[in-house]
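Naming follows writing order (A, B, C and D), and every chain is counted from residue 1.
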Amino acid sequence: MIENPIKWPNGYRCAVNFSFDMDAESLLHIYFPDTAHNRVAMASRLRYGPEVAVPLIVDAFERHDLRQTFFIPGWCMEQYPRAIALIADHGHEIAHHGYMHEKINQLTREEERTVFFRALDSIVKATGRTPRGFRAPSGAFSRHTVDFLVEAGLDYDASLDGHDIPYLIGNGQGTLVELPHDATMDDWTQYVCLREFGYMLPIASPERATEVFRAEFDAAWRHGLLWNAVWHPFVSGRAARCDAMIELIEYMKSKGGVWFARLDEIATHVRSEIAAGWKPRVDRLPYRDAPLPGVIAGNGVLPG
Amino acid sequence: MIENPIKWPNGYRCAVNFSFDMDAESLLHIYFPDTAHNRVAMASRLRYGPEVAVPLIVDAFERHDLRQTFFIPGWCMEQYPRAIALIADHGHEIAHHGYMHEKINQLTREEERTVFFRALDSIVKATGRTPRGFRAPSGAFSRHTVDFLVEAGLDYDASLDGHDIPYLIGNGQGTLVELPHDATMDDWTQYVCLREFGYMLPIASPERATEVFRAEFDAAWRHGLLWNAVWHPFVSGRAARCDAMIELIEYMKSKGGVWFARLDEIATHVRSEIAAGWKPRVDRLPYRDAPLPGVIAGNGVLPG
Amino acid sequence: MIENPIKWPNGYRCAVNFSFDMDAESLLHIYFPDTAHNRVAMASRLRYGPEVAVPLIVDAFERHDLRQTFFIPGWCMEQYPRAIALIADHGHEIAHHGYMHEKINQLTREEERTVFFRALDSIVKATGRTPRGFRAPSGAFSRHTVDFLVEAGLDYDASLDGHDIPYLIGNGQGTLVELPHDATMDDWTQYVCLREFGYMLPIASPERATEVFRAEFDAAWRHGLLWNAVWHPFVSGRAARCDAMIELIEYMKSKGGVWFARLDEIATHVRSEIAAGWKPRVDRLPYRDAPLPGVIAGNGVLPG
Amino acid sequence: MIENPIKWPNGYRCAVNFSFDMDAESLLHIYFPDTAHNRVAMASRLRYGPEVAVPLIVDAFERHDLRQTFFIPGWCMEQYPRAIALIADHGHEIAHHGYMHEKINQLTREEERTVFFRALDSIVKATGRTPRGFRAPSGAFSRHTVDFLVEAGLDYDASLDGHDIPYLIGNGQGTLVELPHDATMDDWTQYVCLREFGYMLPIASPERATEVFRAEFDAAWRHGLLWNAVWHPFVSGRAARCDAMIELIEYMKSKGGVWFARLDEIATHVRSEIAAGWKPRVDRLPYRDAPLPGVIAGNGVLPG
């Protein structure tokens, strides 16, 4: 039913990636640069990610023989060597997620360049290798971001929302595979009620949240899509939710035909399909370089 | 039980319209005129509407032999000719939804006139015909809007919330059929968690959201009402939700006695019922021309 | 289990009142005094209350032989004579709800006095009798309100939240019966997603919302409490919700031992229980006349 | 599966504490120091805590033979002697929760010191003994808080979120047992829709809310964790919710192996485990003394 579908390897019906954004206190320092040090309880909650949740998640993945993808800000690479080692030593992919979880579309081009390459250095220093992929913190992909991704030679981006299957993005100088996601597969929308971050949402039970994630998976399975989680260790790594994740994995396995893969493996597959003749959508970025002229906006947006 | 009910054609018990507002990036440009171009991820999410969701929805409607109504800002008519052609070629109705999704009750009368007729021109240019209906973007129907609707000779409006069955609105110079809806049938209230647009709502599973939409339908079926969706391709056109929509359509069909129709067809039916003697409610608009004098408002509204 | 319970008449286990606040556009004029006239769609939604929902609710109550209580701002008394007549002619109680739904704790004492007695006059003029009860719009009961209630000789107040059974409030010059409620029985918390009014809540299906209301009723039935709805015609008078209300009423009836009564009847019963020796809690209002001295508040409240 | 688990006494699988924060109107005075006295309805709702809910909760605990922990601001100790006596006389623990529910990380060090010791005095005066534990109001644990906890010789803190089992915190001069919790076990996230406090959340039925609390308990039972509620009498002490709490307690008892304990008992056990050789995590606080230098934050946080 979907137009111009992608063929997954080995006859798999769909692809699944449980990617985790391990942000730790970078969120606190970027949102409250002046008062972060005085928010001890929130810091303790965010540190729960690398210190408690990551070991639990890595163990769960190990028992189910999964290798997945972790997006980690450069600053966190430096702060949490034990969590990083756990992740890397179990064969998971570590990818680029800014240096301090910056909202890069609120920075100047030069500032964005600085944090982009500073983050890249941190990952190389910690893992000994250049990351292959990137996800823009807070989804704040700017009009300049594609340039840095191409310049750094990355293979894929996982920041955008433009499709349910992979496609290509480029700036005229090079292209990357885009591995899109949607807020429906972001755990903040089910589990996070944090006034400090402006998230005032009811907390769903793992059972109700899983209904949402599983409905997306069932559709991916029926239609041949990419199911791409944006989860966070301090959120979805809590024991009750981690157990629900395991049940979801077992459900997926029981349906059969599911390709569990790291995002770098998926990007490689997409390139090989293209080489074999598949013609994906290609988006030239940015869509616009400047504000659209002539918009009659009145008082504009919210509220009232 | 409802007072002064309308008779639906051919003994149908109720009328159903799955209308879609295909806004694409118009939302971004009107809400963030200065920074829209730097919000690439949000743009990609909104472009998902015309590029991915519309083909899926049109295909689903085709398989169920439905012709429905799409409200599309004029600017989107110009930007997405392929989606427009898909919609028009399958017999769906294209109706007026502003030029750039303007909140027209925040514009001057002259600005509103400008965008109203600019949008009208875009639709005529793209489809070769004048649209028959209008829905005010963001529900921001102003005290001037009825004048432009009458001046342009449109047949119906679908912006208001004053009843569960059609009624008439007018300005003393002419009338239109009002085909009302309610936020309960708007998919944003079930599925949208977008901080940028001020929507911080939990994302419901398709099953839970359908409970809400179906309860409204069941009541429409029992009471002879109009069930009028306000859905958005980038929201409800995602595969899992589109499949749930199909199940809802099948449920509606299985109950029997449901008139699935385009809004222009419903407006025509309303006029013929009136010609046959039915006396609908008539609302003279605007309800008021100026602020109510003498209100003692204190510090007024929210919060505290 | 509850301390110092009240005895309901005729061996009833609990008391139930489905009270409705019929606010119509008073909400719009008080919240947006300068722009209300330019918000036509919102006005149409609020007018749905007196024009569509009230007839449906009155009819449903008639078929179930219930007489209940409607709180109506004075301005609405003047604007909607047909709805008022429908309500009054079916034996329902009409009680005081401000003149224009003012947040009275944001007014001066003199302003509050003005709107209080203006509203009283409107009710007397429309119904020929002084109302017996009062509910503060938006729960904004001020430190002066009790004085006006006593001065006007009202019998009861239904604004406060201090108990699950009736109690007394007074100012040293006189007392009123307090018939308390809680936000859990307010339909806005289940059904209202209105950005204009600062309510950004998911819309529950009638079935899920009824779970909440019914759980409160079941507890009232077990513990001998007062179940006191704060519903709104334009919200809970929609067909699907009105039908769910009827099912809830039938459920309550099937449990047995439920006293469905108007609030004035409940207030009368409370006074007779007191005369017979029951000693209710008595709250002298206001709790404080001035700010508490010496509070070290720092930067105070939200966010961060 | 959890790393370095703690052994619970007598072969228990997990520990459970239903702690209640009895804040009464302290919330109103700290959030609205200038207008609290004019918010009578909100005051009545908050007074419901000590006046109606505490007797119900104490009775429910008595019937189930439970002794639990109440965190109470010093000002409330002075205002509600009857509720305090009820709590203390039934063997429950009363612990430190600020003086007026201050957000202490918005105060100066000297202001924090003042309110900390003022609150301590209130508890000593009311109960005749020094409290053994502390929970920071609103989770606003500051960079100075640990110093006062050590200086006052308290045994435990229950403000942080860093683990699912107890650990130690210290400042180099002394340590305390940390008994962590998570917002998932906070009743505000399920039941509170209060515009005044910035909580605009849907109100869950007791059944749905219990799904969330029970899922956390089931995980605690499977993994050997501490289940530590942060509930509020005026919220969870309403009859329908109190009954649901009882059902949850009965469910927990029926599973077996659950240690219901006061937090001071849990702290004592943790110390004895440490004496017996268990090596818990130790967090030196604060994590940072000053803002992190060099953060490139752009326009920082929300929205857009």
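Structural remarks
One rule holds for everything that comes next: a residue touches a chain if its C-beta (ideal position, glycine included) is under 8 Å from a C-beta of that chain, and two chains touch if they have at least 3 such contacts.
Just so it is clear, the structure is predicted and the values come from calculations on it, not from any experiment.
Rounded to a multiple of 5, the Cα-based rotation taking chain C onto chain D is 90 degrees. Note: the chain lying farthest from chain B is D, by mean C-alpha position. Inter-chain centre distance (chain A to chain D, centres taken as mean C-alpha positions): 34 Å. Centre-to-centre separation between chain A and chain C, using Cα means, comes to 48 Å.
Shown for chain B are the residues in touch with two or more other chains, namely 32, 35, 195, 198, 200-202, 204, 208, 302-303.
By the touch criterion given at the top, residues 25, 29-45, 47-48, 51-52, 55-56, 59-60, 99-100, 102-104, 106-107, 111, 114-115, 191, 193-195, 197-198, 200-208, 238-240, 243-244 of chain C touch chain B in their complex.
Residues of chain D that touch chain A in their complex: 1-3, 105, 136, 139-143, 145-146, 159-164, 180, 182-184, 189-190, 198-202, 204, 208, 211-212, 215-216, 218-220, 222-223, 225, 281, 283, 285-292, 295-303.
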